[in-house]
Every structure is written in C-alpha cells, then in structure tokens.
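Notes follow the structure.
Letters A, B, C, D and E mark the chains in the order given here, with residues in each chain numbered from 1 onward.
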Amino acid sequence: GDTIKLGVAGAHSGDLASYGLPSVKAAELVVKKINAQGGVLGKQVELLVEDDVCKPEVAGNTATKLVSDGADVVMGHICSGATKSALGIYKDSGIIAMSPSATGPGLTLSGEYPNFFRTIAHDAAQAQLQTKYAMNVLKVKKIAVLHDKGDYGKGQAELAQKYFTEAGADVVLFEGVTPGAVDYSAIVTKVRSKRPDLVVWGGYHPEASKIVTLMRKKRMKTLFMGGDGVKDDTFIKVAGKYCEGVYATGPMDISKNPLAVAAKKEHQDTYGSDPGAFFDNAYAATLALLNAIEKAGSTDYDAIVKALHTEYVDTPLGKIKFDANGDATGIGFSVYQVKDGTFVEQK
Amino acid sequence: MLKLRNIETFYGNIQALKNINMDVKEGEIITLIGANGAGKSTTLMTICGVTKARRGEVHFQGQPIHGMTPDKIVALGINQVPEGRHIFPYLTVMENLDMGTFLRKDTENIKKDLEYIFDLFPRLAERRHQAGGTLSGGEQQMLAISRAIMTRPKLLLLDEPSLGLAPIIVKQIFDIIKKINKENNTTIFLVEQNANLALKIAHRGYVMETGSITMSDTGENLLSNEDVKKAYLGI
Amino acid sequence: MDFEYFAQLFLGGLTRGSIYALIALGYTMVYGIIELINFAHGEIYMIGAFTGLIIASVFTMLGFPTLAVVVLAGMAAIVYSCAYGFTMEKIAYKPLRNAPRLSALISAIGMSLFLQNYVLLAQTSDFLPFPSLIPDFEFWEPYAHILTSPELVIIITTVVVMILLTFLIKFTQIGKAMRATSQDKMMAALLGINVDRVISVTFIVGSATAAIGGILIASHIGQINFYMGFIAGIKAFVAAVLGGIGSIPGAVLGALVLGWTESFFTGYISSDYEDVFAFLFLVVILIFRPSGILGRAETKKV
Amino acid sequence: MTAKDEIKKSFLASIWFMFLTFPLMVIKVNTVTDTVEWRWHNMVLVGIGAFFLSMLWRYLLKRQADGSKKEKKEGPGIIQRLLQKKELTLPGIIIIGCFTLLFPHIFSMYQTNIMISALIYVMLGLGLNIVIGLAGLLDLGYVAFFAVGAYSYALLNLHYGVVFWIALPLGGLLAALFGIILGYPVLRLRGDYLAIVTLGFGEIIRLVLENWNEFSFGPSGIANIPKPGLPGTDLSLQGSTIFIFYIIVALVIFTIFVINRLENSRIGRAWIALKDDEIACQSMGINKAKTKLRAFALGATWAGMGGVVFAAKTTFINPASFTIWESVIILCTVVLGGMGSIAGVISGALLLILLPEYLRDFGQFRMITFGAVLVLMMVFRPGGMIENVRKTYKFEKN
Amino acid sequence: MKPILEVKNMTMDFGGLRAIDSLDLYINKGEIVALIGPNGAGKTTFFNCITGIYTPTSGDVLINPQGKQERINGLKTNIVTRKGLARTFQNIRLFTSMTVLENVMVGCHAVTHTGVMGAIFRGKSTLAEEKFIVEKSYEILKKIGLEKYVDELAVNLPYGAQRLLEIARAMATDPFLLLLDEPAAGMNPQETAELDELILKIRDNEGISILLIEHDMKLVMSLSERIYVVDYGKKIGEGVPEEIRNNPVVIKAYLGEEIDA
C-alpha cells in the first residue's frame, strides 16, 4: 500500500484499560513525529488501533482484524494471555508483534513464536533479581508471597517462590487475593500472624497499593516488594505516603535518558497529563518497529526480523536490539525503592 | 356526583367499553350488572384512572378527573374494592387496614373505625396478626372491604364484593353496604354477579352487555323486567 | 489459634461486611420496590466517589479548611449520586415498568456499562488516589493496629444508616407507601399513593447510601477508578440475597455474614478459594433458607 | 402537547443534564500538580445535546405508545408476519443458506472469524433460552458450562490426545452432567435467588480453574489446542477457519432443529407450564424436579459443545474467558433478541457479538455506545427485537 | 366395597393455628359430595392436604380406586395426580401463555410418556401420542362446551369460561375423583345453572366422583348427594341436603336465618 500500517493492540477498555491506553498515546506521538519527518521509507505511517480488553478470545478477533486490515507490524498486545492467543494468528500471517509489557517468560523462551519481540524483560529475570536483592541486600529470611490470581501476577509469584526457595529463604505464605476486592484486612492480618520479613507481590499496582496502605495503616512495618506491575508512578500517586520504602523491580532507570525526557514532555504537551504505565516501553517498541522497517527497506517479514536482531535503535530505554529469543538486549531490571515519593534506583 | 360521558376504553386493540354514559347521584346506591366479560370491572378501573379511557370524560363533583393519576383521584374521595381483592400479602391484617388510612389524618376517628370493623367482622379480629396472603379467600374479601371502609370515601366502588363469601356473610355484606350508605352517606357503586341481591338494595341499576349499557332503571323495575330475569337472575 | 488472631479476623470481617452493607442497602431497597436487580447500583457508588474526589480537590485547592472540604465533598457526592439515581430510573427503568422483568435487568446492565465508560471518557481510566477524608483519631491510636479509624467510622456509619433506614420504612408515611408499593402497585395507587414518586424516592435514598458508601470506602482503600463499582456491586448483591433481598436488616446481616465468611476463611484456610467458599456458603444457606436469612417466606396461598 | 411545552420540557432537561454532568464532564483535577482544568465547552455540548435528545426521546416514546396501539391492530409485527408466511419459508431458507455457505468466501477472514464467535454465541443463546425462555429459570452462571466444554476438550486433548470430533459430544455430555449436579441443590430456589446461586456456581467453576494449577494450569491457561482437522489434509489458517465456520453453522442448525422439536413436544409444554405456574403444573402430574433438571441439562449441553468449538477456534483458553461478564452477555442476547423466540435469540446474539466488533471504528466510544444501545433497545422494544409470538398449537379438525 | 377416598382423623396446623381438626370424611364411587363451611373454615386447606400441596400434621388419606386401598398423605402433588386425584383452584391458576387447547394438553402429561429422545427424533410412537393428546384434549373441551375457544389464549377467556377450563384441564389427567374448589364463584345464576348440568354429566358419563367446595347453596343443594359442613376445621354437620338445610348448628354458623336459593 501507500502507507505503512502499524497495528496497536491492547486493553483500551475494561478494567485493564489503564495499562493499554498509554501505549496508544505513545504510538500516536511517535507516529506523529515520524510522519512529520517524512514517514518511513517515504510513506506515511497509519495507525490501526484495536481493543482486546486483555481477553484471549477477543485478542484472537483483534488480531484477525488487524491482519485483515493489512497491518504490516503490530505493537502489542499488553497482557501475556491475550498476546499468546494473538501470536498464533500473526505467525500464520507472517506479521511481527512487539509488546511493550507482556512479560510472560514463555512468550520468548519457549521458542514457539519467532515473530514475537518485546521491549521489556521477562518475569523470570525479574524474580531472580528480586531474590538476589532481598537475600543479599535486605537479608530477609522469611517471606510471604501474595498474588492476584491472574495470568501475570500468579506467574510472577510462582517464579518468586521458586527462586526464593532455591536461595534458601523460608516461604511462609503463598496465596492469591481477589483483585478488585474492597478490603484486604483478612489477608493482611494473616500476613502479620506469619511474621515474614518481606512480602513479595505478584500482580498489578492497584491491589498492591491497597495492601500496602492497609499494612501501614495497621502499623505493620514488614517490607514490601513488587514487580513491573507495581513500578508505576500511579502506584506512588495512589498509595502516597504509605508506599514509602516499598521496593519494586522494573525496567532500568531511564529517567535521565534524554529521549525519555523528551517523550514525557511531548506527552505532557499533547495530552496535558503525565504518561501512564509502559509508556516508555511502548514508545521504544514503536520506534524499534518503524526503525526496523526503515532499515529493512521493506515490510518483508524476514527482512524486518533480521533488522530487529541486528540493528541498534535509540529509544527512551536506551540503545537496544533484540536477541535470538526476541527479548530486547540491554534492557534489564533494576530494583527501586520509593523514597520521598519517587522510585529511586538501588545499586 | 359522578358523571361518565361517552367513555371508550381499549385493551390494545380490543374495545372493552363502548360509549358509556352513566350518572351517580350523591347518596345513591347504584348497581351495574352484566355477564362475564361485559366490561364492568373495566368501568370501575376507568373511573379510578388505572386504565385510561381513550375517549370520553369522567366528572366527579363537577370536576373533570379523566387523565388524572389514580392517587389524585383517590384523594378526591373515590375508593374501590377491586376485583381479585388485592390484599398486601406480606402485611398483617392490621397493617392492611392501616394502609386504608394512608390519606387520613383524623387519628381519633381511625380508632373508632377500626373497632367498628372488628365488630362487623370478628373473624378479622381473630386473624389480626396473620399475613394477608395466608388468609382464606373469604377472609381476604372481608379484609378488602374493610380496608376500603377505612378510607372513608365519598364514593365507594365495589367489584363483586360477595364473591366467595359464605351465605351468612353475603347477607351481612349487603346489610353493611346499606348501613354505610345510610349512616356515613357514602355513595355506592356496586358491581355484582348476584344480581338478585344487588338490585334489591340498589336505588338504580344499569345493565351492561359486551361493553355497552343496554338498560337503566330503578332497582325494582329491573328486578321485575323479563329480560333481566331471564339473563341475569336465572329464573 | 490464639484469641487475638481470631479477634482481628472478626473485626476485619466486620469491616468488610460493613462495606458490603453500605452498598447492599441501596441494592435491597431498589429491589424491594420494583424487583429489579439494579446492576448499575455499583456505578452510582462509583460516581459518588468520583464526585466526592473532584469536589474535594477543587475546594482543597481553593484553600478551604479540611473539615469544610469533607462536608462539602460529602454533600456533593450525595446530591450527585441521588441525581444520577433519579435520572437513571426515569430513563432506563420507568419506561420498562410493565415490561418483562428481564428486560429491565438488561436495561440495568446497559446502564452500568454506559456509566462506567462515561466516567472513563469524561475523567480517566487511571486509578486516582483518594484522600483519606477520615483522620486517624488520637484517642483510637492504641487500637489502630487492629482496627483503623476509617474502619471504625465505616462500621458505625453502617449501623446508623441501617437504623435510619429501618426507621424510615417502619415508621414514616413514605415508608408505609414504600411497603405498599412494593407489594401491589395498583392497590397502592388505589389507596392514594403516588407510585411514581415513591419509586423515585426509593432510588434517591438508595443512591444516597451508595454515595456515603462510596466516599467512606474510597477513603478507606485510598483509590478509585471507573471500574470499582462492578465487583463491589456483585458482592453487595450476593450479600443482599444472602440476607433476604428486600429486607433492610437482612442486607446488613447478609453483608456481615459474607464479610465474616470471607475473613475467617482467608485467615484459617486460604484466600485462594475465598470466593469459592463464600459462594458455597451462600448456596448452603439458601438451600436451608430459600428466601435468605431474614427474607420473608413465600406466603402466597394456594 | 403544544410545541411550546415541548421546547420548555427539553429546555429543562437540558438544564438538568448540564447540572448532572457538571462535575464529571467539566472539572478535571490533577491531584499531583494540584491544578484544575475547567472544560466549559463540554457543558455547552451537553446542554445542546440534551436539548435535542430529549426532544427525540419524547417523540420516540410517544410514537411507541401510538405505535403499539396500531401495531396490535394489525396483529403481530412485520417480522413475525414474515416469519409466519409459509410461502416465504422455503425461498428464505434457500437465500440464507446460500449466503451462509458463501460467507467465508465473500468476506475476509476477520469477518469469518467474528462470525464464528457470533455463531458460538448463537448456540449459547439458544441453549440458555431453554433454561430461561422456556423453563423460566434465571441462570446467571451459564458460562460455567461453556467453560466445562472448553476445558474438557483442552484437557482431554492434552492428556489423552482426544480429537475434536470425540470431544464435541463428550463436552456436551460433561456439561449436561454438570447441569444436573448444579441444578439439583437449587431446585427449590426461585427467581432471583436462583439467579444469584447460579452466578455463584459460575464463579466457583472459574475460580477453581484459576487456582487449581495441577488440574487446569491456572491462569496461564492451555495453549496450542488443535483445530479440528480433516483427515489426510493439512489445513492452512484460512482453511481451518473456514472449516470451523462450517462446523459451527452445522451445529447451529442442529441446535435449532433440536430445540424446535423439544419446544413443540410434551417436554416443551411442561417447561412452559412450569414457568407459568409451578403449583398448577405439579397438579397436572408433572414432576417439577425432573422437568427443571432436564432444562438445566439440555441447556448446558449446548454450552458444552459451544465450549469445545470455542477452544478449537481460539486454540488458547484461560479462565479469563469465563467471567460473569460472559454470562451476562449471553443473557443479554436472549432477552434482547426476544425471549423464547429462536429467531430472536439468533438475531440477538448476532447483534450483540457483532456490534462491538463493528463499533471498533468508534474507538474509545465503543463500550459506551454498546451500553446505550442495550438501554435504548429495551426501552423501545421491551419484548426484544423479535418478540416471541409463541407458535401455539393450532387445532385442525379432521 | 370400600369408599374411593377415605380421610381419617386429619389434622393440619399452621404454627399455632389449627386449620383442620381431626376431620373424617369419605366418598363412595360415583358420589357427588359437597364440603361447605364458613370462610376460613379450612376447606381449601383440606384440598391442599389431600393433593399433597401440604402434608397433614396427622391422620390418614386413603384412596381405593381399584379395590386396593393405599395411603397417600405426604406424597408429592404430581404423584397424587397420577394416582387419580385432580383438582381445580379457588384462585384460578391457568397457564397464562398457553391456548385453551394447550392447557388441556398439559393435563394429558400424566397419562403420556414421550421423553427427550422421543421428542427430538419424533418417531412413530411419539407422533401417535401427540395425535392422541390433541384428540383427547379436544374431546374434553367439547364435552365441557369450550370448543369454540380452542385456539384462544386462556387468559383472554371470560371468568366463567376460565373456571370451566380448569375443570377440563383436570379431567385430562384421567382422575377417578375430581376436587372442585368454588367452581361457581364469579358466575351469574344463568351460568351456575349450566355448571350444575355439566357436573352431573361428568359424573354420569365419565364415572368420575366429585368432591365440591361451594358457597352457592342452590348449586350445592341441587347437586350433592351428601354434604359435610366444617367450621374452624371441625366437622359440625354431615348428611343429605335436606338434613343440612334444617340443621340448626349449620344454619347458625353458615347459612343464616333465611335461605335465598
């Protein structure tokens, strides 16, 4: 066609919309900028934005829709489950998908989806980092693992349990809580009675902030640590003073990266608010995809894949390319702690 | 007191009332008789505003009341004992009676009326704390009539009050109707299958056939009318 | 296990139950009067919380003192929830009063979706921090590790609201009208009751309790978003049914029982199957009491 | 009413809505930077919008009131009359049949795909219609049976390599079994009590699937579920989509056939009688428990088979696909289409599943439009799109 | 020969309320028996106890349709119906979404057998049975005189016709005893007279015995061979119409001083 079609898929409505919508904005900003600079391969880039509500069965339809509409590449999806169910369709149609946020390890490590890339590290790396940090730096002995029973949260929690146990910690509690519940006092009481040194959380930030807030309100001082679902500015905004001292792992600090600063500013100028979760990752993914097309010189599948694996691209996340599995290189996780209302990277 | 002019009422496409004209004077007992499905109940419901007439006018004490909502009409002093009794099933007998006084403020008289009712129907006094829904058919009928009496209406519309009542109670009911007509000067509009008894106590009667009024005369004259005898008195 | 643990779980269950109760009360009132499972009740609760937050923020920025902000925000939340409840009934339920009951249910589901997405579009899909409108009371500090001040306020409010509502229904003229309307609308009208007005009032009262719930609960959990009404609504519905839908004390009792069930199950067994157990418990109770704990038995005579 | 009155009313409505939407539409606070954004233009929009919509609303309501008078005069609505015309049946079937056969070849794969989804919901709707529309049992946990079907296929295939064609009846059977197991304890419950308990059962099934990793692989679900194959051929993505399309079309036809026969039988009459009056029904010698369980089991069967097809279609399932929300949507298809009417349920399911897909162009306004459509449909067509005119038995003297 | 229905010493309590108090009653084959009494005497409750809607607190309900006595209290309503007791309801309970014919067809449920598989495959026997049901139902309607309404929705019938339809529906279950609860309520004298004839016809032509609750004394006195009178759940009189008419206890409690018949 006479345009390059970039699909953007993820949860744009429903309870997980807050993770999906920022990625749309990121794509819009990048595309606007690139189009203003003359587009890719001399063609304008067109966005095809499709909602999958983070549901596998809808994601299937979303994916087919994108395929039917002639998407050349797809930035998405947001949730691992939905991504998994969409990837099959993209694979059969020779389309590359790059997710800013789907962290399920199997997506890349299983080797089943050669067409899949991501600009975020996977959960196993995250859990290993959490374990190392908690055992060596925080010197915890007893931990409690909580999760939100979801695809992502429970997966994360299981990995944490595995690595902590291997490292010799005592996992005194491993339980799922009901997401969206209005109150978590029972589980907090239970955690207190088990006297762990650290609570490891697998899941998103809304529940995390509810639990931390309640723990602190109930005058508990137990340490708390979450993953990339927690390392989100909304978490600090919402939990306020109660989240002081909370640890979270997340993509390495990029706040000083000039590209990241610029991207944030663009967002503020355009939308009048701070960007949301995974904005930078989505921004990076969009850049990476469009760059690969440019470098490949066409929208041919093999050419783009090759470009992704070989060509470095400058993104808010730093200079990245992708390894054989499809994971971005040079993107690792760091541990952060909330101090005075910001996430501060821990060395 | 009550005037119906050219009333036409429909249920969907079925016309239930055709050009009905009726007059009720203050202090009268009038009765409306007719076969099953003639439209008697519909007439009462149209007066009360529960079913809306498509055409025609209803005037009560000189005031047009068609188009008003039922609660407004009731507030003017019209009350109805509807077909099927409509007892509040989960309220006790006492509470059901109490509902009858919803628009009343004269606490003193309410007490007196209550005693009067229990005097009339000792059965209800015995059952005063039982849920309305568990009463026997006849007991419910007594309760429905009593609740209407409690509203102290100027015009009382009764839809088959004798239905399902024991003979001894039927007679009692007709006595009561006469009594409240005389003592309280309540105007009565009575719909009855028991045409015999109804015509006996009524000052005037109307006969209705498939939605139209076919005859109207004094109660006595109707009683002795050959057509009426054949069709409605079973003689 | 030790007594303190038990006591903490008990109080936790009480809090959670009270939260459910604040939402369930409105649910049960609306159900009582028009037999409608008002799926959108949770959204009224959400709108109450949002309005409260917006108004509170505006006044805080204008530099009003905290107490004034709390009062103004609370009032705005109540007024707006009532207005939404009232409007919703007029648009989505009143035209359906004589339609099959399930049609009204679908209309309610549609309303729920509409309001959720309305707030999403008009405001944001993000979680917003909700300020703790209830301060930590000085005198309560020694017990704060078991029961926080906001939790205390929630429990007390629930009791007060329940008593007020019971009084309203049992002893006032409008309450009398509500009882009549809920059992037989035509007869109620024939006794001089303005049925439309009674239904509107019911929606308004129900929405007001939802708004109170919305503010208190939001300041307890500290965050709101457009989706918060859905699960809360479902749980409140379960609580209302458990207690006997249509009954005010039933809603509170059902909510407490549900809260305790969940709390103790989590505390002594596992929170993984918390809801499974709550629902199983519901089934068991309904098998033995098919009309809920305090519900009225079917008394229609054959 | 005069035009002036109308305008006055609409004007009041417009004021009211401006008031109503004021905090949410006009004010936007940023709690981090402590700034308020006043979006007064929204208020103007709401005011103008409300004015005209209110006019339209009252006009439509009035027309509906007049319309219902007229329509009844002519007998059933146009659609019903078309449906009842015997001479149109055959050509109708042929046209629809050809269209269906050609569908996947005319339209894109995406269209075929969402059509498959829609047809799965048609099956679910028809199954639920037995329970709700015929037997009058309000089931809000219907998705549980759908999950049973889907997981039956996924797990049986994973562990024992059971193929689609065997899983299909097996899934139906297992779902029916669950229908009986779930139905049994709740026989005594009525109306909304039944609704909440079934809702509970639906959630229980989902939560068990979510928590019991060893059995169901928990929230991460089961991937790579094989699509149904034709022996000896290797189908492309396109090919297998078309194949599934034909399978589900065949299943829907089968469903319609069976339900039609059930409805017009001794069993169907017992269901309707039970819905109308339980006590009278029992007094006719009808066993209430058995009749209800039959409805539950037969309703569940279709959900089970639908689940098998669903698993085969998406090739990946996890518990997130079986939430209350799905049950609610299925319920909506039944009621919106026209409870008890087969044509109604079909159009309801097609509308509700296709609508959000076609509303994709509305982007962020997709779900709000969807909600509004639900409300409007019910307000203006409370009986559903194709209101059920039950085909009553017509006596023919011989 | 034993009576076809024999009730011994039946008592029914609702909480503290004794609605039926050690009542004895029997009906012989081919009899028309009336059960009368003041409002709230317990007549309908008595029907409910016999037909399994309530389980009596104590006492026996025995039936003997074919020379073998059988105790039926505590059995479910549908079983009782299958054993040959059919009833009508004081507050009409028709199947409102069905036509007149279909209402009667449902009545045939008890005497037919088609199951799910039969319904789906619609084999020969199913078709034959369907035909049988339709014909039988139509026959009954003809006998009752409702054939002109056959395809009407039951709810659209006049009240009197609805009562008759209840009788027709009950007859479709092939009962040996028909329990009628106030069949003449809401009928005018003309219609009541027709009902009188109809009930006699049912007994004479179909051989169905009849137990009748009614407040219309003209109907009761002309129809019944024997009458039971109850008050407060207790039997206060029993005998042929002439005896009852002159029984001072019955007059005082129920009939009142003068009888308008």
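Before moving on, here are some points about what is shown:
FYI, a residue touches a chain if its C-beta (ideal position, glycine included) is under 8 Å from a C-beta of that chain, and two chains touch if they have at least 3 such contacts.
For clarity, every value in this text was computed on a predicted model and none was experimentally measured.
Traced through touching neighbours, the fewest hops from chain B to chain E number 1.
The most distant chain from chain C is E, comparing centres defined as mean Cα coordinates.
Ranked by the number of C-beta pairs in contact, the top chain pair here is C-D.
Here D is the chain whose Cα centre lies closest to the centre of all protein Cα atoms.
Compared with chain D, the chain whose C-alpha mean position is the greatest distance off is B.
Rounded to a whole number, the gap between the C-alpha centres of chain D and chain E is 43 angstrom. If you average the Cα atoms of chain C and of chain E, the two centres end up 49 Å apart. Centre-to-centre, using mean CA coordinates, chain A is 74 Å away from chain B. Residue positions 134-136 of chain B are each in touch with at least two other chains. Of all residues in chain A, those touching 2 or more other chains are 13-14, 149, 176, 237, listed in ascending order. In chain E, the residues that reach two or more other chains under the touch definition are 44, 53, 89, 91. Of all residues in chain B, those touching chain C in their complex are 48, 50, 69-71, 74-75, 79-80, 82, 86, 88-91, 95, 98-100, 102-103, 131, 133-136, 147, 151. On the chain D side of its complex with chain E, the touching residues are 258, 261-262, 265-270, 272-273, 275-277, 279-288, 294, 298, 390, 392-395. Those residues of chain D whose C-beta lies close enough to touch chain A in the complex are 30-32, 37, 108-111, 113-114, 117, 207, 210-211, 218-221, 223-224, 236-237, 310, 313-318, 320-321, 357, 360, 363-364, 366-367. The touching residues of chain B, counted against chain E in their complex, run 35-37, 123, 127, 130, 134-139, 141-142, 160, 163-171, 193, 195-197, 230-235.
Chain A contributes residues 12-14, 49-51, 54-57, 60-61, 64-65, 67-69, 80-81, 84-85, 88-89, 92-93, 104, 106, 112, 149-151, 153-155, 176, 237, 272-274 to its touches with chain D in the complex.
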